[in-house]
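As written, the chain order gives the labels A, B and C, with residue 1 at the start of each chain.
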Amino acid sequence: MSTTAPTSTDSFWHSEAAIARRKKRHGADRRLQIFGITAITIAIGLLGILIVSLVSTGYQAFVQTEIALPVNVSSEEVSRDDPSKGDYRDLIRQALHAEFPDVGDSEFRQLEQMLTRNAQFIVRDRVVSNPSLVGQTTTFHIPMADPIDQLNKGVISAETPEDRRRVSNVQVELFDQMEQRGLVSTPFNWGLFFNADSRFPELAGLAGAIVGSFYALLVCFLISFPVGIAAAVYLEEFAPKNRLTDIIEVNINNLAAVPSVVFGLLGLAVFLNFFGLPRSAPLVGGMVLSLMTLPTMIIVTRASLKAVPPSIREGALGMGASKHQVITQHVLPLALPGILTGTILGLAQALGETAPLLLIGMNAFITSPPGGIMEPATALPTQIFIWADSPERGFVARTSAAILVLLGFLITMNMIAIFLRSRLERRW
Amino acid sequence: MVSEHITGAYDDELRDLVGRIAEMGGLAEGLVSDAVTALAKFDIAKAQDVIFRDHKLDEMQRQIEERAISVIARRQPVAKDLREIIAALRVSADLERVGDLAKNIAKRVIAIQDQFHTKRLAFGVEHISEITLEQLKAVLDAYTAQDLEAARAVRNRDDEIDAMYTSLFRELLTYMMEDPRNITVCTHLLFCAKNIERIGDHATNIAENIHFMITGEQLEEDRPKHDESSYIPASYNTDE
Amino acid sequence: MSAVAVAANDKAFETVRTPDPEPRPIKIKASDVSVFYGEKQALFDVSIDIPERAVTAFIGPSGCGKSTFLRCFNRMNDTIDICRVTGEMLVSDANIYDPRLDVVELRARVGMVFQKPNPFPKSIWDNIAYGPKIHGLAKTKAEFDVIVEESLQKAGLWNEVKDRLHEPGTGLSGGQQQRLCIARAVAVSPEVILMDEPCSALDPIATAKVEELIDELRENYTIVIVTHSMQQAARVSQRTAFFHLGILVEEGPTNVLFTSPKEKRTQDYITGRFG
């Protein structure tokens, strides 16, 4: 109580000075709250802008304009015994002629260009996988070329003067005709997930990148998880506390802060140039990423080991457990939820990492998903990088879509981490 | 008390207990001395006063007991503290008995007030009571001062009282034989002497409790006894 | 009463020792045990005999070295890098600081119960079976079941947990957890049980139950208990040792130490005159 203690408590609680003090205090409390709320609003707002802009440009990539075209796979053109050989381009032409008999020769080329350039291969692949189609007329759903896709999605407007759009008047007319005849459909674009990269946006997909990222993360996990745990266990449980271990500890903390591009350069110099490992391979990507995740893994694991109460160690030691029994039977199982959470967060970080992968060539143009860790591949972030660099209009939406897919994976991984933490965490 | 407890209130309680014992001791001493004076001077008023004041002593003993029990229950005393409290309980009981004995003497003074010759007969009793009073005073001082040597001295001097009592016993027996009219008076005086001798025993008890309180050791029952009156045969004859 | 202060040759201090009226056989004999933490000496030439099948209590203010000394009995101090122990410690006449001695075996013979109940975050059954498992005392599940039941019976916990042996030990109440830890220690049939303030985290009822248990275990085990509660030492132990500033000041039968301690520091401590 202050030295000027008032005679009556009532006058003390309700004096003007007291009211002023209270007002000031409450005001400060409120201001602090307002600062916090403002900060959170700004953060959520920025995140919202990012998501909205991504979704608004990217949503179109999740559907694809297709034309239903009946193609007569005549047995004259295609042999039943070897369906991979045959002039499928001619088959498509015949089908277009049959479907649009009014189109003159001068305009036919424009009609042909409305389909994706790979239309013949799409038909061929279908026939190869199902040779019974030979000699029959089958309706194929063929993706339409990027400009038509953009026209359908309203990105290219028919009102724009002809010389300022990539779709000719003839094509606009033909497209209207197709729509009226019910040949055009815009189904969900599974190709985005199941196709590999392509120079044609309507065919480009993330399969190669997803598989490449998966392999790279697998390699990264297989290296950094055991090595990280072993290093952390040694440092935490066995290493004597001296200058050397202090230096090691400081260096691990420093490594965690090293820019990832440096690890990329290291990978380029050591793994590619010195060991001669293949370029663009998920193996090298995973190794480089594991260099980057390892310090994080060690730090997280050490923190988890430290969090195991010493009473458990003492209890086990007091029972006569040896050091390795204490660690493997008591400390590690208790630290595991924390370690797993940290691992997933580390892998999520690795999943989003671009710079080191660029340096080891994982931004190559690769048209088929990798079959193993030694085959060239891209990764999700490098795929985004490639697409963002591509001039075609269709890649704008696909870049955003790819970012959304990457974000989806990151959110899933973080949710698994949260789930593991809340589910496996034990109380003691 | 050499050093203080961490809990100051504990010290206060122990000091309070010791203070009450000292006060009670003073009161008991006063009762004994007044009872003996009443006997020597046949002062009936004083005797009645002694009887009245004994109630106060009983009340104080009850209070000390309550407080001691409360300290034991609340503070779980150990070692010296425990011994101090136990000693306080025992000493207060002894003092209460001392008070009772003084009251008994006072009652006998009232009973023998109309008898003759008593002045001469009571002379011996006066002498034993002087020494007993000295003992009582010494032991109470020893308690307050926590003086182990003084307490030992009191204990060792008790045989003097016992010896004196034995001779007084013989003396009064002789008076009774000389003149049967003396029997009533002498019997009362004998009881007074016995009471005084008992007071001496209580003083010894207190001395032993002081010893226990200071050293933590109980004294063995090996002190010299000179109360041989119990061994005087029924066929006793002073002429022998 | 003959209080014999044994002079420890030319040391700066002497431990005041009061022998038992009827001597008991000696289980642990510590001679001139000193403990150093780096440069700092925590314990100074402590010598004491721990009687068999009796409870010996170590009391003293915080930091007096009583826990440190207790941890010498099963070499728990080994786990601290900078800790160094000198002197001789015999358990059943075997020097436990003999380099050839296996500390794992030692801890099977000298069990320990800690301040905070620390059951493993496993089932009650697994908690008890853990010690026998790592020491290879049982092989079949039936053998383990027998050990688990016997240990829980001895710890007076069987009736409370027999229907939920496979529930986690951490789900028990604090007092039950501590008795589970005692059962866990008993499961490997030790000769000595060390208890480091076993009741300091428990409520009075749970404390009373653990004290009752200690009194029962005394018939079969040598128990050494460190406690901050002097009343507890007075209640459960037969002998008490008072430590102060790393020195064993006084040791003797509990009833002697608590009624008439010989040493002024003991007197001051147990009567609450310094902390």
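The rule is simple: a residue touches a chain if its C-beta (ideal position, glycine included) is under 8 Å from a C-beta of that chain, and two chains touch if they have at least 3 such contacts.
In this text, all values refer to a predicted model and were calculated from it rather than measured experimentally.
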* Structure fact -> Greatest centre-to-centre gap (Cα means) from chain A is with chain B
* Asked: Taking every chain's C-alpha mean, which one sits closest to the mean of all protein C-alpha atoms?
  -> C
* To do: For the chain pair with the highest number of C-beta contact pairs, give its two chain identifiers.
  => A-C
* In angstrom, rounded to a whole number, how far apart do the mean CA points of chain A and chain B lie? -> 102
* To do: Could you grab the centroid distance between chain B and chain C? Build each centroid from C-alpha atoms only and quote it in angstrom.
  => 51
* To do: Please compute the C-alpha centroid of chain A, do the same for chain C, then give the distance between them in whole Å.
  => 59
* To do: Can you tell me which residues of chain B touch two or more of the remaining chains?
  => none
* Quick one: which bits of chain B touch chain C in the complex? Just the residue numbers, please. => 3-7, 10, 76-83, 215-217
* Within their complex, state which residues of chain C touch chain B. => 1, 230-231, 234, 258-261, 266-268, 270-275
* Interfacial residue positions of chain C with respect to chain A in the complex -> 74, 76, 79, 81, 104-108, 111-114, 116, 118-121, 130-131, 134-135, 170, 181, 184-185, 188
* Under the touch definition given earlier, write down the residues of chain A that touch chain C in their complex. => 240-241, 309, 311-312, 314-322, 325, 330, 334, 426-428
